[in-house]
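Okay, so subunit A shows up in both of these, paired with subunit B first and subunit C after.
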Partner chain A sequence: MDFLALTLAGILSAGAPIVLATLGETLTERAGVINLSLDGTILLAAMTGFVLALLSGNPWLGLLASTAVGATSAAAVALLGLALARSQLAVGFILTLLCRDLAYFLGHNYARQLGPELPVWSIPGIRDLPFVGPALGYQSPVVYLSLLLTFFLWWWLFSTRAGLELRAVGEQPWAAFTRGIRVQRLRITYTLLGGALVGMAGGAFSLAVKPGWGRPQGAEGAGWIALAIVIFGGWHPLRAALGAYLFAALQVLGIHLQELFPMLPASLFQVAPFPVMILTLLLVNVGTANWFRDLTLRYPGLKKWLNRWQVTAPAALGRDFRPEKEA
Partner chain B sequence: MFSKTSLATSLGRLVAALVLALVLTTLIVLIAGAPPLQTLAILVVGGLGSAAKLAQAAAVWIPLVLCSSALLLTFAAGLWNIGIEGQIILGAVFATGFLRPFPDGGSFLLVMGALMAGMIGGALWALAAGLLRTWGRVHEIFGGLGLNFVALGLTLWLIFGPWKRPGIASMSGTEPLHPTLWLEALGGSSLSPVSLLLALTVFLLVAFVLSSTQWGLRLKAVGQNQDAALLFGLNPQVRILEAMVGCGALAGLAGALQVVGVYHRLLPAISSNYGYTALLVAMLASFRSQIVPVLCFFFAVLNVGSIQLPLQLKLDSSLAGVIQGVLVLSFFLVQGFEERFRVLRRTE
Partner chain C sequence: MRIEFQDIHKYYGRVRANAGISLVLEPGRIYGLLGENGAGKTTLMRMLAGHTQPSRGRILFDGESVGRLSPSRALGMGVGMLYQDPQDFPALTVWENFRLGGRRRDKRNAIQRLQELGDRFHFRLPPEERATELTVGERQQLDLLRLLDLGANVLILDEPTTGISVTQKETLFAAMNQLAKDQGRTIIFVTHKLAEAEELCQEILVLRQGRLAGQLLPPFRSDELVDLMFGSESGAGGEAGPKLQPNKNPFLSLEHAQLVGEKYALSNASLSIRPGEIVGLAGLEGNGQELLLRSLAGLTRVAKGRIIMGGEQLQGLPYVRFRQAGIHFFPAARLEEGLFPDLSLVEHFQLAFPTARGNPVERLSEEGIRRFRIHAQPFASARTLSGGNQQRLLLALIPKQIKLLLLEHPTRGLDQGAGKLVWHHLAERCRQDTSLIFSSADLEEIKTHSHRILVFYNRRLVADRPSQSISVEEMGRLMAGQATAA
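What follows is the complex of A and B.
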């Protein structure tokens, strides 16, 4: 494989868990619910997936367990944040810390062990394509899954009746409610589904992209990045996936940079994405600030350029919806 | 964001949550294949068992109380200052930077100066998160969290770059400070009476400011309803920045005290996650200041006791964090169910 194909293959692989987590959270937030727990949930799912794969010898069982852990963590968000109307941000943040510590605590005896990994699939037809063949044709199943899910969710959100209802409960829950849509039930469903994808992202880390378990695992911080990419992606699956792959590209670039500066500790390069995250969020949000609006009145060119980047959150994101309170 | 209730109700909920958390923790310990009773005993004895252990817990209590008090300010203004972790780190960085030109030591005035420098460092880092929120419309959770990682990166770069120890740059931190620049500690422990006094003063000051001053009232008004606060001319944007800077300064003080009072140098993990733990404390207190010192002590005992787990039972010390998280979630569960039933009773 030449250098470009190798880089592309690296980006597709490193991006897969981020794409899965970003898609899951996009789904949840489209329904008007914030699951802030991603960073911890991914770790707990990664640990559970790895340990189960190790004990059973079957990596697929591990991936399934990861998915279940993600859904369980999301169930806690649904119970406390939706059914019992606690602050979704508070519940999510506590879960972030709790799941991370739980992962380190329960995974303590399984650290730094060699376990099974998901197989690499070689897809006939695709692997023989010119240029992209070598990059796209030999990948882990989670890579293919992340690509397929991106397009599937795009279609689901914007071309199906169910997708319309999902967007309605996140944007106009009252309007949806009066049209006979069960708002709370849909929100709970998509919180669980989104959480399952987040859990799968954890399994994608420990069973494919960064195989194994340890403290640190290497997936630390990925959940926060995914949460930021959901915003950067404007709650749109395609743009979110693009953001995830851009981030993965930066990571791959970082590995090359690290080779250039061997005296600096590796952990320094792990924090590098975060200034980028802040600047990106600034770029997509600053357009709504009053001082910036005044500025763009004077420089219309700036406005045109910036408008391309601006995003708007689902209108009812994080807001409690309980019609029985009003009754 | 959270409902206000009487102190008695809060305490009742806390007790119920404690019981629930105990049950859940026992389950988790069983899953890990460890003996639950012995594990809990090690936690308690390890945190309270002797005068030395108690002093150690008190030394952890100091940064926890400082940071929880600091967070009462931002929570009052309706802000999620997750960036407190980075604000502690910057306090430590500024304090270390202030004392670096004096390798041969100096007077107590220098230590005071280092504490001031730490407060400025924390305040500046908090101001950055505040400006990102008010000017840049970046939510303080993401701005603050990003800045936490940047602060960590800055510390690593300093320790391995410009501030590295001659010959050996490592995770063990910078060159230790001259002993005259250390805060005096009680015999053999890392508990400094000066730090203890400062933490207590800060807690009382914050409780007073929030309950009895006009500024505190304004912060709370902004926290309750930003739009209304704007209409009443309370200038929410400025209040938000004030709350952030106040919180950051106190977190910075905590970081500076870790440098001059506990570690006597800058470490990569100088904040020990106390900022995140303090966020849990503030949530568990439901922003009622009275019970903050008690909760901080409980959390500190768990943190200190958990150090014994890997030594005695080959368990990971993160069990302390697990118990703390489970406790806050249990508290929310109790609170949520209670309110739920109240709503049902009213509608009947």
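What follows is the complex of A and C.
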């Protein structure tokens, strides 16, 4: 494999768990619910997945367990934040800390052990393609899953009736309610589904991308970055995936640059992706700046471009919905 | 379908919204449901549409009880409700809005059906546009078509003529007549506008304080309706404000300004205001009048041009400087922008007049409760007040010495009595040489109270005339872009 193919393979692999977590949170937030527990949930799911795979010898069982952990953590958000109408933000924060500590505590005895990993799949046809073949053709199943899910969710959100209802619930829950849509039920469903994807991201870390368990595992911080990428991605699966791969690319690039510039401190390259991500966010949201608005008045063509890129959060994000209270 | 309300009661906590309402609605008729704000009209209709349940009593469909109504159940029975603020999804496209919660259709099918139904009532709705791009009237038309597509036999229209143009109103009324007479549907027209109810309805039901105060058949008599709605103490019609004193020089001017708002910009606006002048702004929502008000208040940006007041340039300065210059802004969204919903009346007074001496409770009783007739306890929170009381509280909080008062829809959502009180206070301000600029959807209100009228269309100022030289009809035409300004 040549250098570029290797880099591309690295990006796809490193990006897979972030894509999964980002997609999960996008789904949840589209329904108008914020699940802030991503970072802790990913760790707890990573630990559970790894330990179960180790004990059973079956990495697939581990991945399934991770997914279940993610859904369970989301269930706590659904129960406290939706059913009992407590602050979703507060519940999410506490859950993050709880899940993280729980992961380190329960996983202590299994740290630094060699365990099973998900196999690498080689896809006939794709692996023989020129140039991209080596990068795309030999990958972990979670990589293929993250790619498929990206396009599936895109189609689901924007081309199906269920997707339309999902967006409606996150935009104007009251209007959705008057049209006979069961707002609370949909919100709970998508919170659980989104959480399941986040959990799967944890499994993708400990069973494929950064195999094994330890403190640190290497997945730390991924949840927070995923939360930022959801915003960067404008709550759109394709753009969210793009953001996740951009972040992965920055990380992979950091490793390469570190080899090229050995005199610079290594920590610089580890930290660099984060500020670069913030700069990207600024660039994406340039449309709200006054000087840019004046430009659009002078050049109406810009406005069209802007409309395509302008992102707005689901209008009812994080807000509680009680039909009786709206009276 | 015949609908029967049997002894309906509804309580929200300790507040009684409906008290023992019984009535029967026959198919093929247009009913007017009349009452002042807070009379219980919307609550009663929401129970019929399944959005909330009666505390006591039941609703029968063709003589049968269907048990607990939910929105989907009510829709299944053929009851559809159209809200005052269209209940739609601004971020979604027109056809997506049409399909949501409706029959299973693919995109082509949905667009086709939308156009088919639209043609029947002369509604023209661009299917691929986002709903934010539509006017309130168009969004309402969209919602109406959606309900018809669902097969609604009983249509509830809650204050449907607020915020729509004269032409759109005529189209809507024609559609309502067609639906009732030709298709035998029941229509319930909820309103507090007497003239519209008299024009359209075959029967008028009047609610007062949660009870059915009267059930009338044509010919309707306005004074009788007013009596039933408000009790006998109030009269209809508004008084004009004080005369404009001549030969006073303008103190404020706007010169070739480009005003930039959230969604659009208003270019090349020029205007000058004299002391004590009342200027009414007419225009459909989103055509520039709100931008003018907010720019003069220092709340939105002036990209080009100047605002000059007393020789000082104000554009680009922070809002506080506008306030110091004697400009006060009076928002339409009372609870969202004007008041602190959870603070009490006393706390509002303390915030508004931080240097006032003496006991704030006494001051409040003196100022607010006696002079402005706010009917509330000093420690009640603003959230719990009625719309009229909230408006009077806002009026009472305006500082004594101001030069310019900018008002967005000063009487929106208020009943006649409360509206008259608002104008009574505003006229008094005017006599003290405060100038007023106000926007309103009610052209009669603009005509009655203004010295000068500005009309907006298509995000431009299209007319600036003395009020005696422009009629309500002409304003309506200018707002709809049907005539050019003289």
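Criterion: the second predicted complex is superposed on the first by the 279 of 327 C-alpha atoms of A that agree within 3 Å, B and C clash if a C-alpha of one lies under 4 Å from a C-alpha of the other, contacts with A are read in each partner's own complex, and residues count from 1 in each chain.
Criterion: contacts are C-beta pairs under 8 Å (C-beta built on N, C-alpha and C of every residue); 3 or more make two chains touch, one makes a residue touch a chain.
Quick caveat, the model's predicted, so the values are computed rather than measured.
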First (subunit B), second (subunit C), both or neither touched by A:261: neither
Contacts of A:131 with subunit B and subunit C, given as first, second, both or neither: neither
Winner by number of subunit A residues touched, once subunit B and subunit C are compared: B
Partner chain in contact with A:299 - subunit B first, subunit C second, else both or neither: neither
Partner chain in contact with A:151 - subunit B first, subunit C second, else both or neither: neither
Partner chain in contact with A:177 - subunit B first, subunit C second, else both or neither: second
Subunit B versus subunit C as contact partner of A:80, first or second or both or neither: first
Contacts on subunit A seen with subunit B and repeated with subunit C across the two complexes: 324, 327
Residue numbers on subunit B that touch subunit A, as the complex places them: 1-2, 28, 31-32, 80, 82, 132, 135-139, 141-143, 145-150, 152-153, 156-157, 160-161, 169, 171, 268, 276, 279-280, 283, 314-316, 318-322, 324-326, 328-329, 332-333, 335-337, 339-340, 343, 347
Partner subunit B, residues of subunit A touching it in the complex: 36, 76, 79-80, 83-87, 89-91, 93-95, 97-98, 100-102, 104-106, 108-109, 215, 221, 224, 227-228, 231, 263-265, 267-268, 271-272, 274-275, 277-278, 281-282, 285-286, 288-289, 291, 324-325, 327
Residues of subunit C defined as touching subunit A within the complex: 12, 43, 46, 49, 51-52, 70-73, 75, 81, 83, 87-92, 96, 99-102, 104, 258, 260, 265, 301, 303
For the subunit A and subunit C complex, residues of the former touching the latter: 161, 164-165, 167-168, 171-172, 174-181, 290, 293-294, 297, 312, 315, 323-324, 327
